[in-house]
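Contents: one structure, followed by commentary.
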Amino acid sequence: MSDKQKLDEQTIAMRAAREFEDGMVVNLGGGIPTLACNFVPEGREVLFHAENGALGYGGIASTETADWDLFNASFQPVTPLPGMSFFAHDESFALIRGGHVDISVLGALEVSEKGDLANWVAGDLTTFEGDITDWIGLDRYPPAVGGAMDLAIGAKRVIVCMLHTTRNGQPKIVKECKYELTASRCVSLIITDLAVIEITPQGLVLKEITPGWEPEDVQAVTEPRLILASDIKEISL
Amino acid sequence: MNKIFNSSDQAVADVFDGATILCGGFGCVGGVPSTLFKALVKRPIKNLTIVGNTPVLGMAFQKAAARTMTVPESYADASLLLNNGQVRKLIISVPTIAIYKMPEPFPIVKAIKEGKDIEIELVPQGTLAERIRAARAGIGAFYTQAGVGTYLARGKETREISGKSYLLEYPIEADFAFIWAYKADRYGNLIYKGTSRTFNATMAGAAKITIAEVAEVVELGQLDPETIVTPAAYVDRVVKR
Amino acid sequence: MNKIFNSSDQAVADVFDGATILCGGFGCVGGVPSTLFKALVKRPIKNLTIVGNTPVLGMAFQKAAARTMTVPESYADASLLLNNGQVRKLIISVPTIAIYKMPEPFPIVKAIKEGKDIEIELVPQGTLAERIRAARAGIGAFYTQAGVGTYLARGKETREISGKSYLLEYPIEADFAFIWAYKADRYGNLIYKGTSRTFNATMAGAAKITIAEVAEVVELGQLDPETIVTPAAYVDRVVKR
Amino acid sequence: MSDKQKLDEQTIAMRAAREFEDGMVVNLGGGIPTLACNFVPEGREVLFHAENGALGYGGIASTETADWDLFNASFQPVTPLPGMSFFAHDESFALIRGGHVDISVLGALEVSEKGDLANWVAGDLTTFEGDITDWIGLDRYPPAVGGAMDLAIGAKRVIVCMLHTTRNGQPKIVKECKYELTASRCVSLIITDLAVIEITPQGLVLKEITPGWEPEDVQAVTEPRLILASDIKEISL
């Protein structure tokens, strides 16, 4: 199984971008999701939203054109586009919470079969006896909540882009999240290096699969049971 | 009416022990009121509460994140105060950012490892912005869905509204707001620049005293009334960077 | 992406029986989306809920208030709908204004005297604006001091916060927002003009469908990103007046 | 008593304007308060705030310069001034509720000795058995709440400008308001055609009096007991 080709991060982002329809407002989280801004399908105009108060920005800026006053929320310089606008941070999250973001593409540590999302702290704070200061004092990585909780509850549709398993090969698509939750029942689509999986009331539906992989291979690295879509196909871009 | 101060030292001269300070900017280099932090670090005050999205990432992080861009040596954030032992509490959304290779620990990690007594209140970014806006807007409290069912809901009142769960959140009452703006007039009207508007425009007017560090002071009437982002009523002091 | 509609008839074609409509403007002549009201009055729908500060003062009032100014004959407000029997409920701050000599009764008085079944929910102006903003901003409910201890607190939950009394207020969930703006591009970015910005910019994005009647449609890129007041995400349809 | 000269509305407004200090944000209600925009003391710059989203407007505009897009909240065209700004209605009331208005000058139907304000409906709705529709149906004047409740609770200082008595000579400064309240304990200064009265924890303090009038004359048309200020003086402008 390990010699089969997995999608690279650019290709995962490219697949995510195929979900962007003309006129949509899309917010891209850090990591793989950020890359999706380069792959808007031909003929579609998408308004990318940045938490720090911009709508309608373009691709990542080159060193020559980079401007400290034009950054996305992942600390990357971006390019201006006609029709762009800026606003204050409170308005930026009014826009998120108020349901004006059509798609939020987020990274994840874990996604449960119910669509619960864990993406802000590598560990289980709920059963931890101390506070954040104690957590950091124990040499654990400081949790950074950022805007993920707002995006998870506010966006009309949450798509997760992530690698299918951890570095150790453990499933990241799980029955119940062991990591601290970002929000419950918020994810509707998971795009990984192995598959595209839809979260439905009936369970996880395997819709697309990386060329060369079989459904049972994907199932082997996925904790919950996968339902095979009747029209299951190879991931194509 | 003239809100222009001659120096940032003057502008922060009355910041007191135990004060709560809103720190403008998002965390990127643009839009951080560096001069005000550098003035405050010279004052013998402690026990500050620092409020901001990402106010204590520090210079080393910015240099790591800047890749091919050059961070101005004049850049500073509220980690100056943290490193200097002046901070007692952080109300914050992002204490550190994982993705870059750092030559040294983040300031918050360093401070806690050194045994400094620092309380951290972690707040979802949108809730942070809205709690600051609530202070500006005289809202007693509000309900948001962000954080429901998570660690950050601990100790918070929840309520069902139209079949959905919400958390009750309160305004952040601050003594000072340190913000950056692009241009100001002597009334204190402000305009910003690009994504450096961000938390600066949210915090303007949200504290008892709002102090704006600006790139340029212009004559009254030079700012188009249609394009003013922060009206003069929200700004108490202006100082040129 | 092109949100420009060719006619106001088209833009309001799917407004349905029983819909809740946010009506932009303040009540002065400037900033009222007259063309949209004139289009809607032609549609055979009823039981509308009209939300606005002063949406049904009518033409006679405006002429009385205008003194030496001339009210354009093209002016119209939501009293068109009221007079036409299409309104079931008003969520409103100012149903009439006392100070001017009027040649005829105000539309709301006339409608009630004629026995039309109209419910009136009177809301303090700031609470009205904040309830609309709460809908735009995904806030479940909020606490405000306005109205405490008055008739308008009837049936409302009160809460003590930091020693002061507050009322719990809920967002106004609307189906359509009819607003006016000065200029738009095809993405739906909007700028306004002077005090005609008012409730128009508050209501943009606060309903399921926001329809902007504008004085001018400009090419994409013609609006300076720093000066756009309503970002495109809040606007669904644009129609030239 | 009736032959004594009372202040006219312009003069009441002029007296109110003496309270405006340099740099203050001031909101003027309809009626007498609106007139105060013409009387800002020499050498002071005051930012007038209008509920409909303006700060820093000038005096009332002439017919020639009047612009439908530049009105105050009393439906009057106003003139532009350097340093003016515009904002949305929600921000306008954020500014009010958030304590950014230094002085709100309001008209009143009644003010109580505790500073309770009644200024939005001529009647007692609290004991009325019906709703607003019934009220209007009974030929009563439709109540218009407007922004008064927000200004009364939000402004740092509320000043009332009004005639001292009703047309029938009845006191408008009363022990308890009989009209429906706008807000309780919010007024700090009352300026009438007869007197300037401060509302203090000890009670109503008569500070200034219209030339030709004696304290007992003012007391005769004021329901609560007036405390004479030690430095009581004639109203001067």
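Read from first to last, the chains carry the letters A, B, C and D; within each, the first residue is number 1.
By definition in this document, a residue touches a chain if its C-beta (ideal position, glycine included) is under 8 Å from a C-beta of that chain, and two chains touch if they have at least 3 such contacts.
Remember, predicted model here, so these are calculated numbers, not experimental data.
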The chains touching both subunit A and subunit C are B
Result of counting contacting C-beta pairs for A-B and B-D, higher pair
A-B
Separation of the C-alpha centres, subunit B versus subunit C, in whole Å, is 35
Averaging only over C-alpha atoms, locate the centres of subunit C and subunit D and give their separation in whole Å.
27
Of all residues in subunit C, the ones touching two or more other chains
130, 133, 137-139, 144-145, 192-194, 225-226
Would you mind listing the residues of subunit D that make contact with two or more other chains?
86-87, 93-94, 96-97, 154
Which word fits how the chains touch one another: line, ring, star, complete or other?
other
Chain pairs in touch?
A-B, A-C, B-C, B-D, C-D
Parts of subunit A lying in touch with subunit B, wherever the complex brings them together:
30-31, 50-54, 63, 66-73, 75, 77, 86-90, 92-94, 96-97, 121, 125-126, 131-133, 136-137, 141-150, 152-154, 180-184
Can you tell me which positions in subunit A touch subunit C when the two form their complex?
22-23, 25, 45, 47, 49, 55-56, 80, 82-87, 93-101, 154
As the complex stands, subunit B meets subunit A at residues 26-31, 53, 65, 67-69, 93-99, 106, 108-109, 112-113, 118-120, 122-127, 129-130, 132-133, 144-152, 192-202, 229
Subunit C contacts subunit A in the complex at 1, 3, 133, 135-139, 185-187, 189, 205-206, 220-221, 223, 225-226, 228, 231-234
Which subunit C residues qualify as touching subunit B in the complex?
130, 134, 137-145, 159, 161-162, 164, 166, 170, 191-194, 224-227
